[in-house]
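Presented sequentially are two complexes of subunit A, the first with subunit B as partner and the second with subunit C.
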Partner chain A sequence: MNIRFDKLGVVIAAIAAYAAFLAPFATFRANRIVPGQARSILEALPATAGPLLLAIVVVAALVALFRTALVLRLAASVVALAALALLVGVAGTFLTSAGNTFARVSPASGFWILIFVFTLLLADVLTRLNLSPWARVGVLAAVAAAIGLLLVSGAWNDLSILKEYANRADSFWAEGSKHVTLALGSLLAAVVVGLPLGILCHRVERLRAGVLNVLNIIQTIPSIALFGLLIAPLGWIAAHVPGAAALGIRGIGTAPAFVALFLYSLLPVVANTVVGLAGVPRAANDAARGMGMTDRQRLFGVEFPLAFPVILTGIRIVLVQNIGLATIAALIGGGGFGVFVFQGVGQTAMDLVLLGAVPTVALAFAAAIILDAVIEMTATKRRVETA
Partner chain B sequence: MKAWLPLLLRLALVVLLVAFVTSPGWFEPLLKPLTENNAPVIYNQGSLLTLTLLHLRTVLIATVAATIVAVALAILVTRPAGAEFLPLSRSLVNIGQTFPPVAVLALAVPAVGFGEKPTLIALFLYGLLPIFENALTGLTTLPANVVEAARGAGMTGWQRLTKVELPLSAPIILGGIRLSVVISLATATIGSTVAAKTLGEVIIAGLLSNNLAFILQGGLIVAALAVLIYDGLSAVERYAARRMGREAE
Partner chain C sequence: MIEIEGITKRYDATTVVDDVSMIIEPRTIAVIVGTSGSGKTTLLRMINRLVEPTSGIIKLDGADNRSVPGYELRRSIGYAIQGHGLFPHRTVAQNIATVPVLLGWDKDRIKARVDELMTLYQLDPREFGPRYPHELSGGQQQRVGVARALAAEPNVLLMDEPFGALDPIIRTKAQEDLLAIQKRFGTTIILVTHDMEEAVHMGDKIAVMDAGKLVQYAKPAEILANPASSFVETLVGASERPFRLLSLGRVRDAVENGAAEGEAIPGDASQRDALAELLWSGRPALPVKGADGKPLGRVTVDGLVKRAARPA
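Moving on to the complex of A and B:
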């Protein structure tokens, strides 16, 4: 009999075996800042659930190990991930005695490694399936819905990260909306200013090197320094320009964070606009000129649609970067999920760090998938139209 | 005259930078107007020179480690034996880029403690991506006739890799290293939020005590380092590209 191993599967099975049998599944702590005690899968779960989870992990790892059909691999990764997600909540309830509000149960390294390897398996299957852009967004929506359902159902309520959330539910949503406003607002401002600037740089060659150099140098200033440096000029404007303070412009807080993110966003938008416009085939331009199109008609009817996918790539870079950088706004009182991260680092309370970091990563990840799908759609549409 | 002006500007920047980190006292009058209530003008809780060197050391260690791992990975997935991993490694690289540096730093703390280590981990992870991407581009866009010729000349796989493929990809890989170094120089400052000894310490001290002079000097040193290193590596890259007859990216 000819048994064939899957190369990636060997790696996945080996790591999964280590995580399931040797690494701790959950950490139990008497309160939120004392060092925790490790619990394995069998210790952390009720009598039937523990062996069940081990069995699921072993079967899924075996499916990964051998060369099996893609559908089977897909099912194995989804079932394993779902079981892990559900049972980690069960472990939280099982390890916390009823009525104990101080005890904290958090997922430990074994859980995270298992999640990582089965996500790897899922990612591999999805990559090999070569999904269409719509299907990828659909998968993202399904995963988001499943996580939302778990959150609403209360299955995870006994996990420490949700206990941290329960203590700050109001400020979580307030900081969250600030975070999104900062990231999206500065992107919008950068597009409004960057697109015309990019078009101008494309048309006027003398301007191009100068503008791009200045924007390049802005990128080299470390984010925390740029945030800090804007405090002074904005403070001055707030104090001396009538009406500025009423608009919410202040030395510290959201305003300097917004301006800093805007400045960082300009380079990718302008540079990609220039590259995109430069990549428009000369023949397309000549044809448009030959048809008697005016400069403006040529820009909006020919150059801009053709350069659009490249410009979108710049916007994707900016959005993902801004969602990450907005965490630093918390250092200058600008709010956002960074508030929880830095509070957590200060108190060495890792659950609080996770409360800030997990939504940030999730947002950036979702933004990347959605924009990648949009870019692919516009690029294929363009190819079909020009073919 | 135009040819030597940029060179002169860079030389002036080097001289200014060295003068500033070795004897910051000379520049005190310039920064004085930025402080209030007789606050110290020059960072006084450590020497700027030491912090600059530690900052550079952190970036260097992380970049060297990232280069070795990223190039090795790129070589692996472009060999026939590792071809299976190519699409997956591409998506992983994409996913990795979405993790914000602050989150990586904060999450690394429980595993390795405060200080330089979490910073090294974050810089390493961030450094990997551009280098891997460029190494992949370099190794997959080699002129087919050159590779064929090497095979026809009877070179083994190892010989082709070290004598043909890697030297030809060198300019593009260097481009990735350059990007990675510039990102790392700026990201290393964030490491000071978890107590790493970098120039970020100066900036954070300025933020905490509302001292604009501290923020400016920390930020400017990092920016000057980034500009100089970027230019230096670009020059190396152009040299390598000329030798290999390939266009630098």
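Moving on to the complex of A and C:
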């Protein structure tokens, strides 16, 4: 029999072997800020679970290494990820002696690397399966449900991040909703302003270079500097415009964070609107005019629907970028998950940093998958004509 | 009837169309021929006011085309272009329904008209109606483009190199289809092309344009026989002239008495096709049959060669 290796599988198997046998699986600390001690898989897990996890990882890596059926690869990656997710919780319970509320167990590099390589394997399988947009959103929902179930079941309660969460459950959700409001609100404002501006730039050529250059310059201002620059004008507005202060407009806090995110969002929205409209086939535009569409009918009936997938791509960029950037808002009292990140950095408590960072990454990731699916759905039937 | 009176279009210093006057009779096909940059497309686009003239007047059935807003005027005039310009995000049926929808026809009337046109163009409405343009072949896309232009039953149809992107076999078929439909609806067609062959084949009259000026406007036979300038002569192609002249005539008009051996040629084939068949088969004469299959007589090489000579 001719045994053949899978190119990506070789890399996955090599990294998985390193992570499983050489890298630490979990870190144990006597309290939340002292340096931790590394624990390997066999040390971190009870007598049966440790070898079982090693066996699962080895088998899954072998499945990845050789050219195997897609269904088998899918099963291997799902089983490996599920085993890792479950057993890291078990490690938390196993390493913490009962009643010890100071000790902290957190996943270490070996765990993260294993999660990464098997996610890579899963992503590769899903790409090769060529899933429809709806199926991809379905997979995302299933993964989210599984993670939700693990969280609710308490399987991870002895892990450090969740111990930090337990101390701040109320503020976590408050900051979370502030984070999402900031990211989505500034995006909405950017779309409301950016779309008409983009259309205007498309129609009036002289405006285009100027507007895009200004937005480009704004994009290059570091976020902290932009916050600083906004303090004076927003403070002035709060002091001099009646009702502004009542709306919550101040030199620091949510207002400048919102304005900064809005300004950063404008460039992708405007630029993609201009590019999308410029990409509308000339012949379609000419025919639309020649058949008696008014400018408005042409804009909404032909140009806009054809440019829509490109504009959506811009919106996707903005949403992912804003979810990440909104962490910075915490610096000037704007709230959001950044609050935990900066508190954690201040206290050298990495678990607290993760409590802010992990949900931010998960949100951005989910937003990207959902919007990609939407873009593909709108684009399938709008393929550019072959002239 | 379309009356073009002293139409000029200038962009800054360059004159693209220079004082052109011509009259296009109703229910005829006028072909505007010229090299690229001759102003033929600009002239066409001034009829439906996609381009506004610098000076001059264009009248459609006696009314100045500036008497209604541009978009309203364009809804009453069919418009088909090279590369068809179909809307990629709309189905074939939606594409064809564009102008009727703009005019606010009711649903049943639109559906009936779309089905009628698709059937006329040999596209099954149930099969092709829900498809998107990119799912069609080039020839089918072009047919949908012309069907869309005819959807609101316009009296006038403007066509800018409508067959330019088609391969020769599909192009010939598209030309025949257009001639048949023009006869059926009595549409006045103004067609822009750079292909003299197409112009001679399609046009009741041919307008030759050069550097913005109308050089000659006459029937095809007249253009072939008496080109107004050396430019027209070059465009006609000296070596092609006799064959183009023959292509204008039907075999039935060249029938002589007598019989001949072999397969008969139909009376409505072109004389050029008959001559080609004679030369290729090495025979001196061919029998001719009518549409009903009955023999009409024969055509001879000698007879056709005389007809290919420059008219007096």
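Just so it is clear, the second predicted complex is superposed on the first by the 382 of 387 C-alpha atoms of A that agree within 3 Å, B and C clash if a C-alpha of one lies under 4 Å from a C-alpha of the other, contacts with A are read in each partner's own complex, and residues count from 1 in each chain.
The rule is short, and it goes like this: contacts are C-beta pairs under 8 Å (C-beta built on N, C-alpha and C of every residue); 3 or more make two chains touch, one makes a residue touch a chain.
The structure presented is a predicted model; accordingly, all values stated were derived computationally and were not measured.
A.B. asks: Looking at A:232, would you say it contacts subunit B, subunit C, both, or neither? Reply first, second, both or neither.
C.D. replies: In the superposition, A:232 contacts subunit B only.
A.B. asks: By the touch definition at the top of the document, which applies to A:289: first (subunit B), second (subunit C), both, or neither?
C.D. replies: second
A.B. asks: Where does A:338 make contact in the superposed view: on subunit B (first), on subunit C (second), on both, or on neither?
C.D. replies: After superposition on chain A, A:338 lies in contact with subunit B alone.
A.B. asks: State whether A:220 touches subunit B only (first), subunit C only (second), both chains, or neither.
C.D. replies: First partner only.
A.B. asks: Which partner does A:327 reach: the first (subunit B), the second (subunit C), both, or neither?
C.D. replies: first
A.B. asks: After superposing on the shared chain, does subunit C or subunit B touch more subunit A residues?
C.D. replies: Subunit A has more residues touched by B than by the other partner.
A.B. asks: Using the superposition on chain A described above, determine whether A:281 touches subunit B (first), subunit C (second), both, or neither.
C.D. replies: It touches subunit C, and subunit B stays clear.
A.B. asks: Residue by residue on subunit A, keep only those touching subunit B in one complex and subunit C in the other, then list them.
C.D. replies: Common interface on subunit A, subunit B vs subunit C: nothing in common.
A.B. asks: Considering the complex alone, what residue numbers of subunit A touch subunit C?
C.D. replies: 281, 283-294, 297, 302, 305-306, 381-387
A.B. asks: Where on subunit B is subunit A touching in the complex?
C.D. replies: Residues 34, 82, 84-85, 87-88, 90-92, 94-95, 97-103, 106-107, 109-110, 182, 185-187, 189-190, 193-194, 199-200, 203-204, 206-207, 212, 215-216, 218-219, 222-223, 226-227, 230 of subunit B touch subunit A in their complex.
A.B. asks: Sort out for me which residues of subunit A touch subunit B in the complex.
C.D. replies: Those in contact with subunit B are residues 7-8, 120, 123-124, 127-128, 217, 219-229, 231-232, 320, 323-325, 327-328, 331-332, 338, 341-342, 344-345, 348, 350, 353-354, 356-357, 360-361, 364-365, 367-368, 372.
A.B. asks: Can you name the residues of subunit C that touch subunit A in the complex?
C.D. replies: My answer: residues 48, 50, 71-76, 79, 81-89, 98-99, 102, 132-134, 141, 145, 148-149, 158, 165.
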